[in-house]
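For clarity, chains are labelled A, B, C and D in written order, and residue numbers in each chain start from 1.
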Amino acid sequence: MSHTSYTVLTRDQIAERAAQDIPDGAYVNLGIGLPTKIAQYLPDDKDVFLHSENGLLAFGPPPAKGEEDPELINAGKEYVTMLDGGSFFHHGDSFAMMRGGHIDICVLGAFQVAANGDLANWSTGAEDAIPAVGGAMDLAVGAKKVFVMTNHITKEGEPKIVSELSYPVTGKKCVDRIYTDLCIIDVTDKGLVVTEMVDDLSFDELQGLTSAMLIDATN
Amino acid sequence: MSHTSYTVLTRDQIAERAAQDIPDGAYVNLGIGLPTKIAQYLPDDKDVFLHSENGLLAFGPPPAKGEEDPELINAGKEYVTMLDGGSFFHHGDSFAMMRGGHIDICVLGAFQVAANGDLANWSTGAEDAIPAVGGAMDLAVGAKKVFVMTNHITKEGEPKIVSELSYPVTGKKCVDRIYTDLCIIDVTDKGLVVTEMVDDLSFDELQGLTSAMLIDATN
Amino acid sequence: MINKADKGITDVLSQIKDGATIMIGGFGTAGQPAELIDGLINLGVKDLVIINNNAGNGDHGLAKLLQTGAVRKIICSFPRQSDSWVFDELYHAGKIELELVPQGNLACRIQAAGMGLGAVYTPTGFGTLLAEGKETRHIDGKDYVLEYPIKADFALIKANKGDRWGNLVYRKSARNFGPIMAMAADITIAQVSETVDLGELDPEYVITPGIFVQHVVQIQPTSTEPASDEYASTATTATA
Amino acid sequence: MINKADKGITDVLSQIKDGATIMIGGFGTAGQPAELIDGLINLGVKDLVIINNNAGNGDHGLAKLLQTGAVRKIICSFPRQSDSWVFDELYHAGKIELELVPQGNLACRIQAAGMGLGAVYTPTGFGTLLAEGKETRHIDGKDYVLEYPIKADFALIKANKGDRWGNLVYRKSARNFGPIMAMAADITIAQVSETVDLGELDPEYVITPGIFVQHVVQIQPTSTEPASDEYASTATTATA
């Protein structure tokens, strides 16, 4: 990837930006990996309720060293703590929260997002890979809003925001907004609408790094 | 109803007889009305777990006078108590116990039972009657064994054990055994098999009070 | 900071408009949110669809709501009771629509809504009048009826304790439909006997997690009388 | 008098025969009934179908069971993990069959079995490879896939406390699949850290009522080491 005039956001900066869009009182599921970072940037004056597939609501930050409990982990199998007002429940109720539209926002990673909001994040379709899906498909269809957090292009420089998926789909027309290291894109009926870009990046440059058609709404 | 030589069982005697067939460790739902009486005749040396549709397992006898709790009632809206080892749960789990085949035995009242085990106990089909079904249909299809407890004939002398139902069906081919004031009948693939009768009742007399064909297995 | 327990009954119920579909918890009077129902009566909305196991007892609570003529249709399993004269009269006069659902299918359809399922095949009711005209299927040796979810705009339920995040615990057989209705309604309003501080409810034993509850209204106990008069039955005594 | 806690692991597990379908609780190692799995390995049964969220970690527990070649097929949502080398090797060698199910559909299909439903329409997986060849339906503006119940002959789960009637409570995120698997299996065997007297578990807070549990086996804690070695990992230390 070569560019001269602009600076891409770090993973922390993307997380920090996405955190700003999570309202007080939201029930939120942060996908394994990059999205998990958002938790660090949620402001203290907001009550944001973090949900984890394995039966936690309102869990808190990692425990202090030595306080880890192997039976208190999140879906990413990281040690967590519980906030006052949190609760435990079984997998049936946990996925009812997701599938039943009770989670306000989920934030997922992506291999690809298509112009119509199709998401691919569970399989690259590689012949020899062992397939694994976890809760990704449930979150994609179940949350009221699906946000994606991803680098704008792959390490190899390939666009991740595409006209049509080439990887196997996780959920159809499910993505509402994409946070990348270059911009924020709303997935709308009219198409992919860019609402913010990093400084010194031109819309044409951004379009050049994107294989789906973008609409500029940054000004 | 006229007869000379035999004595019909009282409601309590039917209940007492049925209670003998409930094994230690059984999970049992006793339908509203007559079947409820069985609870009084369960032997103390057995652990029989009584289930109630409204979310009780292992409830106990009525409370002492003055100890009634309006929030501790069974499906018949009678005050009950809880045994040590009992539990409360919501209606979803309660009917999962029933529909999911976890209840070993339910005992229901009946308007009619047909030769093939069809049960009618929720509606007489009367034009002006307000229909009401409650949990009867769930118990009929869900319990591992469905026992019926009923008078052998109606107050008007009409047989209640019939070739085919004339009343609306509650559950198809669901009844396993019938306890009446005259006899005990097993519903089998071969037909209705009488296994016990009250003293001094002849099989022919019993058949005469029954509009389905009976098979005598009392000796 | 989220406080779901900061409003009184009148305020909370004012979101309910004519034509709303409303689940009401309770099995008979146990778990029936009497004060919320009284508040609903005071609100005076019309053309309601009510989902409850029964169709009211005596002249109070749900029966009183029916008596005001506010209810267009009721979905329930057992409307006929010794003291259901209010419903009986409306029904015979053709003034209320009844959808009779076997109790377990009622529970299951409410659960299906909460779980986000499109439909379920249930064995209950197969071959009966209550499945007439419904799609059926033979699966693995058994017959099933296709039943669709029952959702609601609002659920009015009664719990024992609640906190400002909406976590609830119930009391004995008053639990009944509360937890599953809370999951199936867009907006769940829970009346509680006690509002407790965050953290007082053990996370292991929260029965309804706050995600399913939008409002918690504490009802002030005003008498020690038993049974259905356990608490004052006017909405105006409510505090939050 | 019913005492579901009167047998040791070896005795209880001896009912399991070749070809059994077995649900195993746990999400990763949290809630994984390690001692029951070790007992199953010692039992030496073959041709098993295993239902678990994952396909084993490291060389112990479920992974060790797979390594013995006892498992014909696994139904799970997330077999690929950084330390799932045992499964990986078997899978690549074509020595194990995999049915991959989205986690929520896995939960829901287990629930459907416990609830006695014939099938459910679930939105999860619609239009994906994991729904290929499956029946779909458009209901009320949304697309659904028809999914069938997952039942089992046995469920092996881990709870925190249990009593002689089989009532269970769990601990934190070790609860996960335990309660729903207990409902979906013909015979549920729960290992617990503590067996308590009848009545010690508050009826309001029993998570799995005893009706869903056939055996309770207490595992003797033998060390204070953390994590996956919390308890001795040999079946022979079990007492009831």
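A few notes on this one:
Throughout what follows, contacts are C-beta pairs under 8 Å (C-beta built on N, C-alpha and C of every residue); 3 or more make two chains touch, one makes a residue touch a chain.
This one's a predicted model, so the numbers in the text were calculated from it and none came from an experiment.
When the interfaces B-C and A-C are ranked by C-beta pairs in contact, the top one is B-C. Centre to centre, using the average C-alpha position, chain A and chain B are separated by 55 Å. Chain A and chain D have Cα centroids separated by 30 Å. Taking each chain's centre as the average of its CA atoms, chain A and chain C sit 36 Å apart. In chain A, the residues that reach two or more other chains under the touch definition are 82, 88-89, 92, 95, 98-99, 142.
Shown for chain D are the residues that touch two or more other chains, namely 108, 115-117, 122-123, 170-172, 204. Viewed as a network of touching protein chains, the structure does not reduce to a path, ring, star or complete graph.
By the definition of touch given earlier, these chain pairs are in contact: A-C, A-D, B-C, B-D, C-D. Residues 24-25, 27, 45-47, 49, 51, 57-58, 82, 84-89, 92-93, 95-103, 142 of chain B are the ones touching chain D in the complex. Looking at the complex, you find that chain C touches chain D at residues 108, 112, 115-123, 137, 139-140, 142, 144, 148, 169-172, 202, 204-205, 207. Chain contact summary for the complex, chain B toward chain C: residues 52-56, 68-75, 77, 82, 88-92, 94-95, 98-99, 123, 128-138, 141-142, 168-172. Interface residues of chain D facing chain B in the complex, by the touch rule stated above, are 1-2, 113-117, 163-165, 167, 183, 197-199, 201, 203-204, 206, 209-212.
Considering their complex, residues 27-31, 77-81, 84, 87-88, 91-92, 98, 100-105, 107-108, 110-111, 122-130, 143, 170-180, 207, 226-228, 230 of chain D touch chain A.
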